[in-house]
Structure formats: C-alpha cells, structure tokens
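Think of it as A, B, C and D in the order they're written, each chain with its own count starting at 1.
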Amino acid sequence: MDHEHRPNATELSRETGRVEAFSDGVFAIALTLLILDIKVPRAFSIAVPHELTAALLKEWPSFFGYILSFVFILIGWINHHRLFTHILRVNGTFLLLNGFLLLTFTFQPFPTSLLAEYIGHPGERVAGIIYASVSLLIAIGYQLLWRYAAYNHRLLKRNVNKDMIKQISREFNRSFPIFVLAFILSFISVPASLGLLSLLMLFFAVTGFTAAETGVE
Amino acid sequence: MDHEHRPNATELSRETGRVEAFSDGVFAIALTLLILDIKVPRAFSIAVPHELTAALLKEWPSFFGYILSFVFILIGWINHHRLFTHILRVNGTFLLLNGFLLLTFTFQPFPTSLLAEYIGHPGERVAGIIYASVSLLIAIGYQLLWRYAAYNHRLLKRNVNKDMIKQISREFNRSFPIFVLAFILSFISVPASLGLLSLLMLFFAVTGFTAAETGVE
Amino acid sequence: MDHEHRPNATELSRETGRVEAFSDGVFAIALTLLILDIKVPRAFSIAVPHELTAALLKEWPSFFGYILSFVFILIGWINHHRLFTHILRVNGTFLLLNGFLLLTFTFQPFPTSLLAEYIGHPGERVAGIIYASVSLLIAIGYQLLWRYAAYNHRLLKRNVNKDMIKQISREFNRSFPIFVLAFILSFISVPASLGLLSLLMLFFAVTGFTAAETGVE
Amino acid sequence: MDHEHRPNATELSRETGRVEAFSDGVFAIALTLLILDIKVPRAFSIAVPHELTAALLKEWPSFFGYILSFVFILIGWINHHRLFTHILRVNGTFLLLNGFLLLTFTFQPFPTSLLAEYIGHPGERVAGIIYASVSLLIAIGYQLLWRYAAYNHRLLKRNVNKDMIKQISREFNRSFPIFVLAFILSFISVPASLGLLSLLMLFFAVTGFTAAETGVE
C-alpha cells in the first residue's frame, strides 16, 4: 500500500482495539466454559444425604482445577490487557503470535479436565505433565508476543519509554523460570508441580494485581 | 511509574470500560450457558405423547432453577453495571475483588444444576445449602467490591456525592441480611430458603429495576 | 436523584449502548450454542460408509431445527438492534422487558432440541406445541418492549417521528398474528405449524432484511 | 425514509461497527467452543500410566481437527475483519450474506467433530466430504459477501480505490480454486483433501497474516 493511504493514529488505535476486544471475548468465554467440566453426581446413585456430600468431596480435584484454571485465565487476561495498553499497532506476525496465545488459552479446559479426572489415579503423572506443558506454552506465548512487539520499539506507542519496557520484561522474565521449574517438577511429583503453579497464581493474584495498579496510576 | 506518565481521564475511563466490558461478557455467557443444564428426555423412552408431558413436568426443578438463576445473574449484571457507573478508575485490589465476583457467577450453573438434580431426592438438603452458600458468597462479593471502591471515595468519580454513595450502600445492606437468612434457612428447610431467594429476586426485578431507573434519570 | 445530576445525552447514549451490547452478546452466544445440539453418531455403530450417510440423513430434524432456530435468533437480533437505534434511554421497566426477551431467546435451544428429538416420534405434538409457544412468547416480548418504549414517545430519541414509529409498529403487528396462527396450528398439525414459522422466517430473511436496508438508508 | 433522515457518516459507521462486533462475538465463541469436542478418557478405564498416553495418542484426530478448525476460524475472523475495514455501510442483502457466513462458521464444530470420530473408521470418506463441503461453503460465502459489497463500489468507503479492491479480490480468487480442489479430492482421498486444506491454512497463517500487515501499514 502506498504512502497516500498510510492509516492515521485513530485508525491504528481502532485496529488494535478490535484485536484486543476479540481476544477479550475469547478469554471471557474460556473462563466461563470451565464450569462445564464439573459434573453433577446423578441423583439415583445417592441414597442418603451425606452420600452427596461424600460424592462432592471426592470431586475435589474438579473444584481445585476449576479455581486454578479460572485464576490462570483471569491473570492471563490481565497480563494480555496490560501488554496491549502499550501497543500502538498490530501486524501479521503479531496476529500470528496472538493467535498462538489464544489457542493455548482455549485449549486450557482440556488439561484442567484431564487433571480433575486423573488426580489420584494411574494416569496422574501424564495428566500433570500435560497441564504443566500447556502452562509453559502459555508463558512462552507471552514472551514471544511481548518480545516481538517491544523489539526495537516495533509496535509500541511513542510514549512508552525504556523504563516501562524494562519493567514489563522483568516481570515476564521473573515468572518464566517458575513455569519451567513446574514443568520439570511434573515429571518427578505432580502435587509439587501443581503446588508451585498454585503459589505462582496466588503471588500473581496479589502482587501481579498490585503491579496492575501501579501500571495504571 | 513516575508522575509524567500519570494517565489522564480518558485513559482511566478506557481502562475502567475494558474491565466492565470483560465482566459484561462473562455475565452474558454465564446467563446463556444455563440452558445447557436442561436435558431433553430421550425419544425412545416415550411411548405415548402424554408421557413426554409427564416427563417434562417431572423436570420442573430444572425449569425453576433455570429461571431463578437467570434472574439472579441478570440482576447481578444490572447491579454490577450500576456500581461501575460510579467508578472512575480500577486498581489491583479492585480487580481481585471483581475477579472473585466473576468466579462466583461463573460457578453459579453448578449449584443450579445440583439443585435441579436433587430437589425431592435424598441429597436435597446438601444441594440447597450449597445453592444458598453460593448466593451468599455473591452478596459478600458485592459488599466487598462496593465498600472497597467507596471507602474514602477511593475509586469513585468526583461527581459522586455522599447521598449517592449512601443510597447504594443502603440498597446493598438492605438485601444482605436476606441472603444470610436464606443461608440459615437452607439448613432447616430448603423450600423455605429457595422461596425466600425467589421472593428477593422478584422484589429486585420490580423495585431493583425501578431503582435502576431512578439511578439513570 | 436531584436535577443537578440529570445525565446528559452522552451518558444516556452510553447507558443504552451498554444494554444493547450486553443483549448482543447474549444473542451471539445463543446463536453459537445451537450447534451443541447436533450429535455425532458414534463410530463403533457404523460398519460401512453409507451407514454414516444414512445415520446423518435420519438426523435431518436436528439440521432443520438448527437452521430454523439460527435464522430465528439472527432475525431476532436484527429486530432488537433496529428497535434500539430509536431508543434514547432505558429505565427499569424497559430492562425488565428486555430481560424477558433475552430469557426467551436463551431458552430457545431447549425447544429446538426437543423438536429435533421428537419429530416422527410419539412426543411430536407436545414438542411442536412447546416450540410454537416459545416463538409466540418471543413475539409477545417484542410487542411489549416496543410498545412500552414508543408509548407517548417515552424512551425514544427526539428525531424519531410518528411515521417511523408507525412503520415499525406496523411491521411488528403484521407478523404477530402469524405467530398466533402457528401456535394454534401446532395443536392440529406440527408440520403445518413449523412450515408456517419457516415461511415467516424466509419472508423476514428477504423482506425483513430489505426493510433493515430501508431503515438505514 | 425521506431524505431529511438520511444518516450521516457517524451513524453509518456505528451501524457497520455493530454488525462487525456481533460477528466478532460469533467468531470468538465458535473458536472457544471447539475444545468441547475433545473428550477426556474416563479414569476407570486406565490401569497403568502409559495407557493414558496411548489413549490420548489414539485421539490424535481430535487434536488435529481442533487445531485445523481453530486456525480456520481465526483466519476466517481476520479475513472478515479486513473486509469490514473497507465497508462504509450495510444493507439487507449484505446482512443476509453475512448471516450465511456466520451460519457456516457456527456449523464448523460439527464437521470437525465428525472428522475426529471417523478418521480411520468406515465413515471416513463421508466425514471428509462433509468437512471439505463446509470449507467450500465458507469460501463461497466470502466470495458472495465481498463481490456484493464491492460491485460498483456499492457498500465501500470512498477512499477505497480500484487497486485495493483488485488486491482483495485477487487474494480471495487465488484461494478459491484450492477449496474446490480439496472438495473434489475428498471423494478420492480424505488425507489428501485434509492435507491440502492444512497447507492452505499454513499458507494463510504466514502470508495471509503478512498481507494483513501490508493491509494496515
């Protein structure tokens, strides 16, 4: 396209806004679909009230998986959103990387469901490794998306200065080794791997959210 | 972040708008997913027409649960939305509290489904207590979100005056004891607990909606 | 609320826009969830290729129901959207009526599924009556929503003149008796009732869409 | 409607934006719902860990179908979005054609699911033909939508010049014969047909995204 049709700032912003709104939609749906994995025990199999309590307690991996993945996706959305506040424009490669990230997030209900089914069963190790792998893929997705956008100030807004770029890079880099560690741990001990990911989510939920605050104020 | 990059009113409003739009999406999806819990009786089990009528009538708890939870989520959305009309900016803690609220709403299809399965069966008491508990958690979520935002005018718009704050607080405080009562009642009589929640929703649907009108005009 | 805080045109428009965006989300989700009702025949039950063809052809009521309800919801969205282009502001009663309309639309997948299961089976009559009833409820919902908003120019924009109001009322009134007729017919002949509704949707898809064109140009 | 009420540019843009936002929602939901087709093997059927690995590997058609359809819908969204950046206004016929496109996209989970169930089973041919047919229908949908909008500059923005129109037409025309070929191939060899569609998606993911870049910059 020749220079006469170079889009202005409003058009770029509208374009970027669309990609963000589409991604927001995918995050919101992935978040809400998680509940479909929690199955209600059938009434005919329950003879006395406390049997239902017992049946639900036995399903604790489903509830644990639900909350872990909910927080995971919610924090994923917040990070995605923070990243986008610094983006001026999108291009083909960025869309491709963003698509990869959305693929891993929409896939998340499957390892969650697998985990809920296999904790305490023979397939636990396999399910735990898959869960940690998908988590790691998501972390890699963020690294790629951010590094591509920030490299040489490629897609960033003008008013984003070096300190802001460094701060975000530092935050992404700080958590990345933990995803790698959780992945390695999943081969040795699934509870340890999940415990580490849970702690990381808890940490994000507190300080990550606080960072979001700093980022805005 | 230093003072040179303090965001202006437009940026704050855009930020707050994104959080609201994301929450709106989650509410809309949770609302629409409720229908997946109503199961169609299989054709091969029905020999004569009126057997289908009978089978559907026997499923009345599903329909009742569907309508109750639909109204619950719809009113939840309206309240969430009203609250946000007074919010100027968001911060980390607010996002955390808002996330907790979204978690309880996306979880809502599960107790609804549990209720539909167990009304009239041995597990009714357990299902009723869980439904009332989740309802109470939602009410607590609103209290926390609003109190945090309104405390010392922390996140509110400048033009929100003390009378407006008091009015909203009064409305939230007025309904809160009823959620507590419904929770206590669920240990004694599930129909009484559900009846109370249904009445509250009916009351909201009429006066709550009217209050929404007052709030806008 | 006193007169000092009477919202200005921008605030009213933002408010109305939110309600419309939320409703749009519900329509889009209801539309997309319909596909979940079409079941894939299990592979182990198919020994030779043409058995799959036969199995899929036998499922024609599912495909018919899918397309009918898809067009139904899509046209519902277009009508909802056209109605909203004339709305200046919303109030409590309008939100209540809009909520009723959304309830009927999110419920739509259930009668569709029921119809797909029972066409050609003993429960056909019952399923057909329920489908026609929900369709009629939707038509009633539009009548209420529009009449309430248009009565004495209650919630309409200033530039909406009497001719425009009359035109929309005429269109809603023109199709209403057909929904009533389809409802009555469902007690006599389900194919006739569904045929009439299909014709009406076809008519809408052609002239209704054309009217939308006129409405915009 | 008489000339006094001819909508201005802002109104036309708002109108077009709504149709695009609604379509975006449908794309986002269709994308996220795909995961529901991947079934978790039941825990009781797995006695030793590697049985789960084997069970998951046996499900490769589900994962292949998931990724293929995800990329298909994502690219579909990008193309839809690019097309809309040139649209000034919508009319009834355009809404009808857009509705047809959305219908084919929301239907996509069904052939994907069918394919996952029947690859390597007697029904493979039938499933493959249906998948290629729906893909072809989508390609036809884009042709119709774009040709209708671009014919005589009917619905396009003023600043869209002949070169830009030709470029988009050329891109749509370039891929169309491949969809036809994949359709024909599906009658001869399903793997060849799917391989061709996969290559096309890969090609789009790389050059199509790059074209999107060119389109914006």
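The rule is short, and it goes like this: a contact is a pair of C-beta atoms (placed from the backbone, for glycine too) under 8 Å apart; a residue touches a chain by one contact, two chains touch by 3 or more.
This one's a predicted model, so the numbers in the text were calculated from it and none came from an experiment.
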item: Self-contact between copies chain A and chain B, residue sets same or different by half; value: different
item: CA centroid of chain A to CA centroid of chain C, Å; value: 35
item: Centre-of-Cα separation between chain D and chain C, whole angstrom; value: 25
item: Junction residues of chain A, two or more chains touched; value: 21, 25, 29, 33, 36
item: All pairs of touching chains, each written as two labels joined by a dash; value: A-B, A-D, B-C, C-D
item: Of chain A, residues touching chain D in the complex; value: 1, 5-7, 12, 15, 18, 21-22, 25-26, 29-30, 33, 36, 89-93, 95-96, 99, 102-103, 106-107, 109-110, 113-114, 117-118, 121-127, 130
item: Touching residues (chain side chain C, partner chain D) in the complex; value: 20-21, 24-25, 27-29, 31-36, 38, 40-43, 46-53, 56, 66-67, 70-71, 74, 77-78, 81, 85, 159, 164, 205-206, 208-217
